[in-house]
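When the chains are written out, they are named A, B, C and D in that same order, and each has its own residue count from 1.
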Amino acid sequence: MKVLCIGDIMGEPGRRAVARAVPRLVAQRQVDVVIGNGENVAGGFGITPELAEELFDMGLAVITTGNHAWDKKEALDYFSRQPRLLRPANYPAGVPGNGSVVVESAGGERLAVLQLMGRAYMPTIDCPFQTAKREVARLKRETLAVIVDMHAEATSEKMAMGHYLDGDVTAVVGTHTHVQTADEQILPKGTAYITDIGMTGPLHSVIGVKKELAIEKFLTAMPRRFEVASGPSVFCAVLVELDARLGKAIAMDRIRILD
Amino acid sequence: MKVLCIGDIMGEPGRRAVARAVPRLVAQRQVDVVIGNGENVAGGFGITPELAEELFDMGLAVITTGNHAWDKKEALDYFSRQPRLLRPANYPAGVPGNGSVVVESAGGERLAVLQLMGRAYMPTIDCPFQTAKREVARLKRETLAVIVDMHAEATSEKMAMGHYLDGDVTAVVGTHTHVQTADEQILPKGTAYITDIGMTGPLHSVIGVKKELAIEKFLTAMPRRFEVASGPSVFCAVLVELDARLGKAIAMDRIRILD
Amino acid sequence: MKVLCIGDIMGEPGRRAVARAVPRLVAQRQVDVVIGNGENVAGGFGITPELAEELFDMGLAVITTGNHAWDKKEALDYFSRQPRLLRPANYPAGVPGNGSVVVESAGGERLAVLQLMGRAYMPTIDCPFQTAKREVARLKRETLAVIVDMHAEATSEKMAMGHYLDGDVTAVVGTHTHVQTADEQILPKGTAYITDIGMTGPLHSVIGVKKELAIEKFLTAMPRRFEVASGPSVFCAVLVELDARLGKAIAMDRIRILD
Amino acid sequence: MKVLCIGDIMGEPGRRAVARAVPRLVAQRQVDVVIGNGENVAGGFGITPELAEELFDMGLAVITTGNHAWDKKEALDYFSRQPRLLRPANYPAGVPGNGSVVVESAGGERLAVLQLMGRAYMPTIDCPFQTAKREVARLKRETLAVIVDMHAEATSEKMAMGHYLDGDVTAVVGTHTHVQTADEQILPKGTAYITDIGMTGPLHSVIGVKKELAIEKFLTAMPRRFEVASGPSVFCAVLVELDARLGKAIAMDRIRILD
């Protein structure tokens, strides 16, 4: 089974880059399942039901999110209704939505996707490590093919999660920093890992935002309404090849396509 | 001129990787100047005069540091005496040491190295952007070839600095997260840029630390004495090719060598 | 000279409490100048020109603010036009508004008010200590009576400022935490000091916010639109008695009035 | 039943102030049980078995701690052995020590003490609110008299805890900021509350630390070995009067004694 995992999709430029790249990659590389992080599709802040449907229509089977999950109030109900739109599983009990889902490929193989969020420099929620152990055990009763989206800021927390789940899950892929890392690898016990898949969105920007606005924010510390940048885009993803029956990663390929 | 910039060198494994890789790269790729980040050479925490000399002997012309600059008390005086050992230039007035230096290549070309540190999730010091403008203007009276080590956690602050100095300096290279990013590029106005060069140190680790200790820290939130991991190493660097007379970047090559 | 310093005034309940308490206190205690922190008067978030005028009409000579200064866009211009509405002086160069002002009492005595903001767990701006030394020296050319509003979260940063300016200014009064502290004192070199004046606003609340909303925020980590609580109010202030000619504090009285 | 709750006891000056004040207060005010926060008794950083015994000998029945619980390695075992030395109950499973204890007064009445720690600007541990509900329910099977030490930085998190447990426990008393607040009150449903009891330790200091060292730290952002200040002390506590059978608070008196 081949799973294409797309990093944080940023606004309209990000959605367009997905629309262009996904069909081509699916065809060329025999992709079975596509997942992507949609926490920034709505103008950089959150996701709406319409935009989620648009991404599903482009071929995404599962959309993960993160700290921006709740930016659009109109999505709150939708999180409860749409099991393939995930929010971090380590949000406390009572928070709407689901943190994991099991989907099936066209070939009938099952893939579990689990979303976690780190806590270093991030919202203070339940422990992602405790949640991971519990949720992975539960999901593995349904399938051994488990991909974890670890949405976090600190490289240390993401790498710790990779090693913590090494041998237990198929892959741990990081999101949130909007910059692709070059450390894709198969960890010692067999789990595929990358610290951050990177953003899919405008290239000449500050993590997707118009650079002038971001710079001004750092210079003045005053609140600034951020806007998604324009210009050429970058599409960032990893392709995870795995044995779905054993849940074992075979390879992780890093993908970075400029317009 | 070709400048090899090495990312955070982690403990003894990092120093060994430098000793192995630098002579080979200098010879094979005609490197003129080598610089590297030494904030973690002393068992992961700081630097000592002896270890700095060891790195200079291995061919480093300039050592940059960061938030770990002050971990070893025995280095405090040395920072004041050794102009080629830098600490972030945006530490407030009165802090020992220097934030920039101009060195000369064997061919007689001058290169300025400026060290800055971000403030997002980092120690609260003077503004790196204000400091950058002032220091870059000063350094450019000596040479137009200026490389900036932007030691920071947040990808947004590093990219903002890249764009802020774009066209003004030769290159902005990020350090501190210990994970190499895959976004090396020439920015629109000509400055070479990478968000993080990545760590030089033990591969199977959590940013250089023994993974068991790092995981336990995340699971318990209790203080833990960290130890540098062992096993195979990774050497992370970028090679910046530049026109020293014009201060213009020609190319940035990302280097990641596994043992 | 007697100066009444009111803590963070929270929404409509806070404004009503000011309207009730100030005339009575001015009369009973022969208050010469009234100042107050207005960063939360507009429904808990920021200040508008209309609400600032309302506070000036109630007898405030100077309004200080803090991290909420910029919450209302309609106030941005007003900060530049109205010299008696302050924002922290240690915002970087280029930020609109003023960080200090000199006013005159009915009796013709001059009082300088300087606003600073701490950086621990707060927006990352210029150093309040460096700014304090520079601004205090400048203001003391106009009058020796100087009151500093140190808007900060960490008790350590506020106490450090108190001792840093001890003997140099008349009083350092803390704001921002919305809870009055019981440590009013004359520091060893003569400066009057309190860590926090406390909030003027709804008593049965979480720092002025409806308690149910605040609790839910802690339980879920989801964004919540905060609303100002209702019910009985508390009025928090300190009365600083000083020798305006010498700039020396004579006494600091803590005031906490329940509806 | 009358319970004397002492705030963070800072170093040797704090211990001496306890030794002086406690016997007198116990006698004069008929105190039944004394508890105190001991996280800073060992030179400002943590607690040792010897110093804990010293405090027990001075009459403390229970010692609470907080983020500094683990500063002294020699106390790790002792936390497991001594049930009357508490660490926050919301540390994750597997962490040594206990987060609550039930003690008996000389008159045979039982009092439960529960220690929690906030997470805003503090170590990232389990949710104090979830833990509170679970632990309070458990403790109330043993006694209805329950005092909660909420060790936290943010006033909002402490007030939210007060209201969250209002009517459920006898008292919620805050510690950690080292500055006594003036907001002692009986909340609407009957729980006694104060945001911070305040430090017991050297008065002319920055939260107990030598002021010169604290100021230098803010000015330079360099690591500084902190030392406990000397000079006159302040003793901070609250006296909670309660009906032990009903678990109802009758009164909370704030105590602040200068040398």
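Everything that follows uses one rule, which is that a residue touches a chain if its C-beta (ideal position, glycine included) is under 8 Å from a C-beta of that chain, and two chains touch if they have at least 3 such contacts.
Predicted, not measured: the structure shown is a model, and the values here were computed from it.
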| item | value |
| --- | --- |
| Set of chains whose contacts include both chain C and chain A | B, D |
| Size of the rotation, in steps of 5 degrees, that lays the CA trace of chain C over chain D | 180 |
| Type of chain A:chain D copy interface by residue overlap (half), same or different | same |
| Distance from chain B to chain A - Cα centre to Cα centre, in angstrom | 30 |
| Between chain B and chain D, centroid-to-centroid distance (C-alpha), Å | 44 |
| Shared-contact residues (touching 2 or more other chains) in chain A | 92, 124, 127, 130, 219 |
| In the complex with chain A, residue positions of chain C that touch it | 70-71, 91-92, 94-95, 123-125, 219-223 |
| Complex interface listing, chain A residues touching chain B | 121, 127, 129-130, 153-157, 159-160, 163-164, 177-183, 187-188, 195-196, 198, 204-207, 209, 211, 214-215, 217-219, 254, 256 |
| Chain B-touching residues of chain C, taken from the complex the two chains share | 92-93, 119-120, 124, 126-127, 130 |
